[in-house]
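Dumping the structure here so I can ask a few things about it.
Naming follows writing order (A, B and C), and every chain is counted from residue 1.
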């Protein structure tokens, strides 16, 4: 049938009167790293727990390698799914050493194989020197890697990572997320990651699903999420940006303070959603910071009302003469004071517009 | 938080009250350390207080604990008198120098020689007889004769005994050692052990219940346990047999008392001792527990009298103390648990 | 603090060197010593492992599973705690002995040959009885562990391919180890110290030998030597356990919220219900029923105003001891935490050894210490004010409370210490970084975590003090009787029927704190 390793088909999960997941579908190819991105309480962890088998479904089904593992009233028990999971708090066994933690899942392996597998994993995650320590004697980053190694040890069909970096400091996060991506890619481990941090998602995942209120708003690559969000929520949630009001001149053009812009009518890859609005309708046009370029000689002027220094660049918040606000990312040697007027230029072929009525 | 402070406050008051409240000694009162339980002594003390106006305060505990306590307290002790339910511990108290010699004609007149200390440091006030009880359906009284006879092979698998850890059995064996010497006594005890139907039991009542149930045929008990059991269930096929009537007599122990060496109320304490030997007290002291009065002038309770008269072993009960350790070791050697 | 607690134990050890007892030792070695040691080993091994098996499995069933009657059983299974072991022993013997109603009935049905009926007067019999009396210690602590453990670790093990049963043995159980070991230590010490139940069965142990040497051979020295042997045994066990635990930690980083119980169905559910019920039946219902029958016989004769006084005294002593012991245990635990090294750890553990000594032996140790204190204090007062005060300290309730503290420190310590394992030093450092220190830290950070441990400790101490006899007997003020003393007086004369009324009252008074405890931990 399909080549997808994991398929979620219209799953629902309810807890009492509360619907945690509603009509959620996604599929993941073998070796792909997927990510569920969403704010806390959006149900993303519950999706992981459903896949792992800790929660039962209220509707829909989950298939792993085309075999049904969960549906209503049916659930392969977690230990038989061969799905590894790294928990948010790592949940390392405090009474076992690092090596013993990693060895824990290898009970079905032949004894002599176990030790070599443990050594292999310790090498992969770079923890050979702490093999005999107890978890409480490790740093947060080390604990994180132990948790990953433990989950990887039995060579799971699928690996689930629940907010894997949330307990780490920011500098460590970035390094570790790249490191982990390369480990996962090297091992060819199909992975689903759950996070609230889009940078993490962008760094690791091949495909990202933005979740909101138990639904996946968009399941797509990072590029498409950023440049072709299918909903106002996704546009808002992923990356920075502001909306400018505009009026459709025809199906292709919209008039805004910045002039007449071309509207992107179709989603980049899929025909999932099209942005087609009737002539004359009022729309909100998404302006990303990189759509606006600083240009001293441009006749278009705007006033700096806010600035954030980011090292290589400065993020300016600018007020247009018409009262609208846009963001602009400018190389940091262009240092302007608040209140100063600067020239800007639009640099976008097509823009995304949303109707003003909320979805 | 407020409640915590209240607790704290309350604790302080509570401690102060208890710290200073309990040790105030009444002028006309005596303090008794008693191994005989409250129910068996309080009525006697009540009568004494009514007659003399002297208050009696007492604590009850096991003999060993009381002796250790007296020894530790030494001069500081508040105790004036020690009451035990056997002679051995009184003997031990005397040996440890805890008791005081008492000169009293009344006591010497009322209590027979063999029931009191030759050095006059303690006196027996009731007699506890250890005798044979048998199953009337399985044993004829004519089959029974002496303690020693129970070692005879004819009783194989028919004897039940209480544990050797109980002082009553230790005293009995001590008396036998005094009579027969260690070697012969050890043979007798080995004979008993050989004849046991089941492992030694934890108390006299249990032993009689086993006899009544037919698990064994004879046992050795103190008479008052028999009295209590029959009072509850008179239908049990049990009867008393008085052994050794043609020889030394039935082994008797005492419940007795002595005055503490460091007493501060000697006069009142002697008064209480003499009172205990009087007719009024003797009735109460013995009858409360279906024991025999130590004063030969006093008749036992009618229920007790009904079990018949018997000859006491007239050997001085102090022997039980002297030979107690020897007896315990002998029983260990003989395998009597 | 720990040293203060150690004095009475020290007195026992020291007094074992006071006078030569070669002849008694010679005698013991020749006759009964080997047998005593074998008996003691079997008993402690059997009772400790049996209680662990029963206590842990029942705790797991009621904490993690769902089966018919779970709600009731979860607190009811603690009730046997309120019944002193010797009462359980006596009642069981009364019912299942050759002369008891069960065997009598069987004989009337099947004739005199019912030798197939298991002999309760056996090593197995006493072990089973003591398991039934002591398993609640382990049940309580293990349940506490399971309830607070959360499901996370089990989920991890599932995601690593272990089923629930494998997970239980490889994760749940090892992680509950401090609690289970604490409970087992309590049971072990209680078993070693027990005199009542073994006396009812006439089963010879080291403790019965101690009493025999002291009371029958008039040698307190020999008794304290035997007691020192007991101390050494417990000491060695403590050291072994410490070594074993070494660097391990048991604090879980985070607890997952609500407990999702494993629902048992079909025969599994009913067999768990059946197991729980039969334990409850033999350990509590049967003894209490027998007690109530006896008590009703004696009720009219014995019940009077006096009983409320006895009850009040018991409650007062138990309540104050519970508070005192929790405070002492907490301060010792904190002391050890501040200056954590193996020496202090071991010193602290030794401080709790009083629990393993036979009550009367420890009572004497305590008594001697108090007497010294009194003499010393008396001399000072004498020199200062020229008045003689006699004994100042002895025979006061304060002295009693101290004595209880020494005896039952282990109970308080073990329960609280195992919860303390949850608080990592990171938490301390984090809160100190926030400027929360000392008492405030205790109040805001530790107390919420320790709450259940402290409460457990308080209830256990409360009930233990209420049942306690030898120390109460020896240290109480004049005319200050408690329920336990009344029970002692009656049972020492074999008047079990008359002992039943105070015993029932004691059990009832113990039930309320137990139910409170369960309500607390159930939340």
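Methods note: a residue touches a chain if its C-beta (ideal position, glycine included) is under 8 Å from a C-beta of that chain, and two chains touch if they have at least 3 such contacts.
This one's a predicted model, so the numbers in the text were calculated from it and none came from an experiment.
Peer 1: Just grab the chain with the largest centre-to-centre distance to chain B, centres being mean Cα coordinates.
Peer 2: The most distant chain relative to chain B turns out to be A.
Peer 1: Determine the chain that sits nearest the middle of the structure, using the mean of its CA atoms as its centre.
Peer 2: Per-chain C-alpha centroids ranked by distance to the global centroid put C first.
Peer 1: Based only on mean CA positions, could you tell me how far chain B sits from chain C in angstrom?
Peer 2: Whole-Å distance between the two chain centres: 33.
Peer 1: Roughly how far is chain A from chain B, centre to centre by C-alpha average, rounded to an integer in Å?
Peer 2: 88
Peer 1: Taking each chain's centre as the mean of its CA atoms, how far is chain A from chain C in angstrom?
Peer 2: 55
Peer 1: Across the complex, what residues on chain A touch chain C?
Peer 2: Those in contact with chain C are residues 52-54, 77-80, 82-85, 87, 89-96, 104-105, 107-108, 134-137, 150-151, 153-154, 160.
Peer 1: Over in the complex, which chain B residues touch chain C? Could you list them?
Peer 2: That would be residues 7, 11, 14-15, 18-19, 22-23, 25, 31, 37-40, 57-65, 68-69, 72-74, 76, 78, 92, 95, 163, 165, 167, 170, 198-206, 209-210, 212-215, 225, 228, 289, 324-325, 328-329, 332-333, 337 of chain B.
Peer 1: Using the touch definition from the top, list the residues of chain C that touch chain A in their complex.
Peer 2: 152-153, 155-164, 166-167, 170-171, 174-175, 177, 247-254, 424
Peer 1: Looking at the complex, which residues from chain C come into contact with chain B?
Peer 2: 27, 30-32, 97-99, 104, 112, 121, 199-202, 204, 208, 211-212, 214-220, 320, 323, 360, 363-364, 367-368, 371, 374-375, 378, 390-392, 394-398, 470, 473-474, 476-481, 485, 489-490, 492-495
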